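Chains here go by letter, A, B and C, matching the order in which they are written, and residues are numbered from 1 within each.
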């Protein structure tokens, strides 16, 4: 007998005082720790000027304290620990993705506008052609950096940030390189390392005319003459090329462009409204996409159904056999290796010319397992079953344990055949415990990027496809191809696709849930 | 004649089940033999040869464990720590939530259950940018939750694990008769006591299973872990190993296979050990 | 009343704890001073010992971080603006992309620019500004098993004829090995394609689908049908077949040289035999070091580029690891005694640079896919498939 009714009673009677001192102490300590951490976070958010996040954190803390210190509201007390993480790392991520989907975030629009301007300014500073190389020392006075420069002609100059070079009389080395000037402290390499970020910013004008250029030293020992071929005009928010007068203006989509449409790189990250959705839905308008969608559904449904069916069948079949422990341990092995590894192995095994399956198992046949469009679809489903059946095997093993043996026993006593016991008692109970997982499993397979991508990359290729959809491409691998083209990554577009797929699958799942609910009510 | 008929009846009752078990075990294992073979091979390729175990050497294991640029042992322990912590905490949170959904009746219970699963339908693969930005922002304020920290990564996994785990346990909790809670309540046990000392031991099989499933999912994750952990000394085995082979210079397969096998070992050992809790003494009355 | 007491105790514990945590975290240590370098596994092993020696000499610390080859460029682009990137990045030349994302800083080599091969240096420039400092010039060639095929093949057809004889005689499994499977590898096939006179771009004008390209497409269909090039052959299988003496020819780069030497197969390095009558010019690929635009150690990073990377000893040291022609001219002279390098360098002299256009990103995908479909015989009319590919690429470039 599994469930002893006497045991809980005896345990319970030992605990008669309802709110034990021990329990209260634990509660105070735990909530105290949470509050401590929460207040710490709030203070840190303030320190880094994330006022909005600080407000959210305060609100969260208040809610948590209300939940745990008020009487009643028991459910909330049990749900809150998990919900906190769910809200922050799942719900918030979804919201964040929605936000990204309205931006041009991605390759070429990867930084803030300020950094983009800074980058353009830095990149526009080029060495003046045929200009001399100066030997320099980095000097310090009153916390400011200076460059002591020896020109190729053997003249000596000193200058600092916005202080043009002026001739000086320094101490110098035997080879005639200036090393020190009285009143200034010459920095050694180790000291220069300590101020390297300031040194990187240091531009010393050659003379009072900025157009003549600046001296800059990247390494602290040599300096070159630079001038800017673009000047940023902060008041108009434009870049001007001083030699041609060509003006680049903010085009509202994250780039400075001139009248010929030439863009300055880099661009920046900015909101672009519904453009990504227009693009995503434009791509979705293709009739071909319907085929991909149908295949995605077919893949998800057959993969889950077969995976679950096999897992359940094995869990039942192997139960109680001699050697069952060994069988079980071997059967979960596929699950213990990462999908991308076993996926590569399967793609090798199924190689038409060289693979183990054709060469060894089928004695040199050339079955195009992953090359024929139809066969490739069957192959990916079968391999996905290999990946997934141990999961459902484990889950069903657990679910089978929840079937009260008394029920089956009673049915048997009433004269039910073993097959009837299974179909009328065991199976419905197992389904009750696992049906929600079937929905989740469906959602997982629907977005099962790894299996498809590692096994076939979406292929075999269909070069007639206008959207590059291969025979085994499911929606998510197709999105990947659209939003991540080689080194060009479009996070905004990917996010818009993510939101669309999320909506589609949510609607389908709600429909499926309606069905499973009726299942659940059986119990 | 008698032996024949008893043989046939054995086949009919048990023999075919052994046959199924053996066939399925072969199906499960034979692709993995390639990994084992490659880990002991000297050639450094994975599937280029159909001759398994053509050569036998421990060089790949020695390479893997002795190369300072690939701190495999560190990766291995990182995986163990991250996956075990995430699985344990997720199990605790998930079982608390499942208990609430199973035993308590409150407003929004149905919707809540549904919403829990709906959040899991989001293609996390495409949301990884948002996860990266979120963790970075948190890390600016609280470095321990930021990029390149195990705690930050564990926190992300905790957020992702709740829905499915809760569901899995919810179904199981429902099979525990309510009379047990009632009896405990009458005896004056607090709900916390009832939960920890009475309900949890009764659902031990599902706890072990959920723990293992979470462990395996976390240990096998590449997408999130690689986005959050960039320092090789912080990485998990999956991320670290993948950098060995995701290149056109594919001569690392031997070391990679050795690493994959060592990474799978804890899971296999845990299952061997955990089986008795899953099956317990309960199979006595099950299908025979 | 009891409830309110509980609240007070709780709040007190909370505040004390928060203070304790803040105290621990308060003096955020701003000490960095450590140069961080991101690169793939392969180059960590090659660079690290050399760079550590240099760093000790200069008096700084340097740390190498192993990144995933295919992910590292995108991770670098994502990490730099987030302030999570390294000081230096070592990878294949990607100047247009990296500058376009604002993640790399300009470098001024001064007179040391003259030390570098001009073509390699040019691949690290955009609009006349130097960003990437090249260190290796890489191209593919044909490795020939001198036992199976004692003489270099004059043309690709000769090579296949020799290969087929060997296969018929049972002394080889494949007439010719090139790892195109399973997803296509236009980089490796470029030599054969260019021997038809095919180019990718003329300036910014797409030329891949001109008559020369179409001729290549027709030839590709024949090769696929006759088994001269097997689309099922992966990099892994191609290399293994060559190392085991089961194929007379293999197209690959210098990165496989050490492995092939170890296998003991007698080999020679030949130019890719011409298939279309003209010189079979493979791609020239350059590897380079870039400085992050957000480097926390700009001086140390810039010293790495202008000092460490311009030393002959560094370039020779890298060569010992990757057996690839150095971009630094004094180092080229020093390693030119190595016959394999000499062979690669001579072939490299004919090589064509990968176009440094952003539009190239739209080419790789359709190009490799179409080659694969033609090899597999999935394109009813290979020439038409090639023309359609051109249309797709143009549309993609226009869409942007």
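A few comments on the model shown:
Quick note on the criterion: a residue touches a chain if its C-beta (ideal position, glycine included) is under 8 Å from a C-beta of that chain, and two chains touch if they have at least 3 such contacts.
Which protein is which chain? UniProt says B, C = Unannotated protein.
Small disclaimer: the values here were computed from a predicted structure and weren't measured.
With centres taken as mean CA coordinates, the chain nearest to the overall protein centre is A. Taking each chain's centre as the mean of its C-alpha atoms, the one that lies farthest from the centre of chain A is C.
Rounded to a whole number, the gap between the C-alpha centres of chain A and chain B (Unannotated protein) is 20 angstrom. Taking the mean of the C-alpha atoms as each chain's centre, chain A and chain C (Unannotated protein) sit 25 Å apart. Work out the mean CA point of chain B (Unannotated protein) and of chain C (Unannotated protein), and you get 36 Å between them.
Shared interface positions of chain C (Unannotated protein), defined as residues touching 2 or more other chains, are 25, 78, 234, 236-237.
Across the assembly, chain A contributes residues 40, 44, 347-348, 351, 354 that each touch 2 or more other chains. Along chain B (Unannotated protein), residues 46-48, 129, 133, 242 each make contact with two or more other chains.
Considering their complex, residues 25, 40-42, 44-45, 48, 64-71, 75, 78-79, 82, 84, 234-237, 239-241, 243, 255-256, 259 of chain C (Unannotated protein) touch chain B (Unannotated protein).
By the touch criterion stated above, chain C (Unannotated protein) contacts chain A in their complex at residues 3, 6-7, 9-18, 20-22, 25, 33, 58-60, 73-74, 77-78, 81, 94, 97, 99-103, 105-108, 110-111, 128-129, 181-183, 230, 232-234, 236-237, 293, 296-300, 302-303, 306-307, 358, 361-362, 364-366, 369-370, 372-373, 376, 378-379, 385, 388-389, 392, 396. Residues 14, 17-18, 20-21, 24-25, 27-29, 31-32, 34-35, 46-48, 50, 92-94, 96-97, 99-100, 104, 106, 109, 112, 114, 116-127, 129-131, 133-134, 137, 140-142, 155-156, 158-160, 162-164, 166-168, 170-172, 174-177, 179-180, 183-194, 197-198, 202, 205-206, 208-209, 212-213, 216, 220, 222, 238, 242, 256, 260, 263-264, 267-268, 271-272, 275, 278-288 of chain B (Unannotated protein) are the ones touching chain A in the complex. Of all residues in chain B (Unannotated protein), those touching chain C (Unannotated protein) in their complex are 43-49, 69-70, 129, 132-133, 136, 143, 147-148, 226, 230-232, 240, 242-244, 246-253.
Chain A contributes residues 24, 28-29, 31-40, 43-44, 65, 69, 71, 107-108, 110-112, 115-116, 119-120, 122-123, 125-127, 133, 189-190, 192-194, 196-197, 199-200, 218-220, 222, 224, 226, 265-267, 347-348, 351-354, 370-371, 456-457, 459-461, 463-464, 466, 468, 481, 485-489 to its touches with chain C (Unannotated protein) in the complex.
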